[in-house]
């Protein structure tokens, strides 16, 4: 609510970028350029997987980011629910991070099944990590649906924070139940020692640049969400004024 | 009144509603049995059916759970009773536990019928040695399902598009129960040479699941149904 | 009960746009005003069902902005919906709502008698009743709740002449016993005779009241 007074005095919307995020965006872009260069051209083929190994340079970073993103959603939700740190800002960070996480998780699933087709000969296998990932994807799509249910900002924040914590409960249960169900674990086709220096470096660039991209996306997205909330508040102010004229 | 008293009141009320309306008996049970028959059509092989019977029983339970949960909250929202419950100052934890209890009782009846259908339609055989495991599996799994059903049913109750939202939210969550209960039931029935000792570790998972969602639901239900 | 400049939002719309109202214990206040003026929202807010977005609201000594649950168990609300279970009988319904506040069997029977629910209706499922009979049942449930603040939204709607008389007597008795009553109604003559004060709700605000 305190946003209202500031927003009504400045009619032009503040941009979501700052000097910091612009630098961050440029850094992410440069990193992705490097990733393309190293991942597609400079790094060698794998002995077993041939050129298919290159998929890993985006698959592994996006998987890592999706998990990071959902972790951030869980922590921000807990921060919102905890009375002493209650602030709608946490809710917006949780929502932004979940959106970006769902995006990265989608990339993970698609790139992973393509890679699986090349190296295992099949798109899908029922191991714990894959299955948990798929469930996370669906669960956070559900979380985003709950965010859209409406009500006041506080109601939205509380409801979705509870949902996020329930998802945190659910994930290990799904993971272990699938793991016990199919104990035969897909051995990691690329063992750590077998990646040569240039391959490791490409993966490293992928991790760094995707992380930068994640931070950039979440900062912008959460600012957009904040602006959305401001628009709602502005709309309420206008509607209030109109309503008062009725009487 | 304390939460437990409210829970008993709400559970008794829900069961009375069922007793008077017979929706479970006249609609849900036939639906669930029909699902079992449809599985047989789809799989079209007696040996396969016997092999996968435990999974099908639990799958049919999950589908029926969706229907029963929708009904359980349709009763509350049809004439504003959920609002009235809140104005009555009834503790949300009491509503949660009461509705879970009533759901538990209804699911238990449903599962008995489904198990009977499996014996008749899928040639499932029960063994004396596996009875303890089977009963424990049913109690643990059903308790978990009842908690999860009430929790997400309450969340979806006031929402627009609740019919489609509920399956999206609930089915991923109950997946561990489907896996755990199916494996434990297979062990109890001796499907493909499994022995009851294979089933007990799964009971641990089912109990953990029920406990986590029981506690989580008791704490969170109030903020989920609040407007 | 004291509302100061209360704003409440329903789906992005300011249903209450700075409503202020003070009601003393034992008063019977009639809310009147055109459709969509915010009468229902005002009642729901006082019942703790609608969140206070801005402003201050104290009901029965409890701050609504801090703890809505504490208020809820001491008020009784009869909204547009009756809050009845259609599959249960009249007796079951009144007993259930009475039980939630620990009413005794005798109090429950008395509240049914109060609303003129004859014995022959006791075992009839609510779903089979007429609209007026349902309204009576809902009122009996409300009586059984022994609330300190009664909030009624168009309670006369659908009631026959006898039912209206019984309702009026019930509300007078409740007010005489120290309860506060707020009624939103379009039936101005009848409700006006009942009320100790009439306030007008227009555009989400309250007129004619400090």
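Going by the order they are written in, the chains are A, B and C; count residues from 1 in each one.
As a convention for this text, a contact is a pair of C-beta atoms (placed from the backbone, for glycine too) under 8 Å apart; a residue touches a chain by one contact, two chains touch by 3 or more.
Listed by chain with UniProt protein names: A, C = Unannotated protein; B = Heme exporter protein B.
Remember, predicted model here, so these are calculated numbers, not experimental data.
Judged by the touch criterion defined above, the protein chains are all mutually in contact, each touching every other.
Set side by side, B-C and A-C show the greater C-beta contact count at B-C. With chains reduced to the mean position of their C-alpha atoms, the one farthest from subunit B is C.
Between subunit A and subunit B the centroid-to-centroid distance comes to 32 Å (mean Cα coordinates, whole Å).
If each chain is reduced to the centroid of its CA atoms, subunit B and subunit C end up 37 Å from each other. Rounded to a whole number, the gap between the C-alpha centres of subunit A and subunit C is 47 angstrom. Shared contact sites, meaning residues of subunit B that touch two or more other chains, fall at 227. Subunit A has residues 150, 155 in contact with two or more other chains. The set of subunit C residues touching two or more other chains comprises 51. The touching residues of subunit A, when paired with subunit C in their complex, are 1, 150, 152, 154-155, 232, 235-236, 239-240, 243-247.
If you check the complex, the residues on subunit B that touch subunit C are 1, 6, 9, 13, 16-17, 20-21, 75, 78-81, 83-90, 222, 227. Chain contact summary for the complex, subunit C toward subunit A: residues 7, 9, 11-14, 17-18, 51, 53-54, 202-205, 207.
Looking at the complex, you find that subunit C touches subunit B at residues 47-51, 69, 72-77, 79-89, 92, 96-97, 99-102, 125, 141, 145.
Within the complex formed with subunit A, the residues of subunit B that make contact are 151, 155, 159-160, 165, 168-169, 172-173, 175-176, 179-180, 183, 201-202, 205, 208-209, 212-213, 216, 220, 223-224, 226-227.
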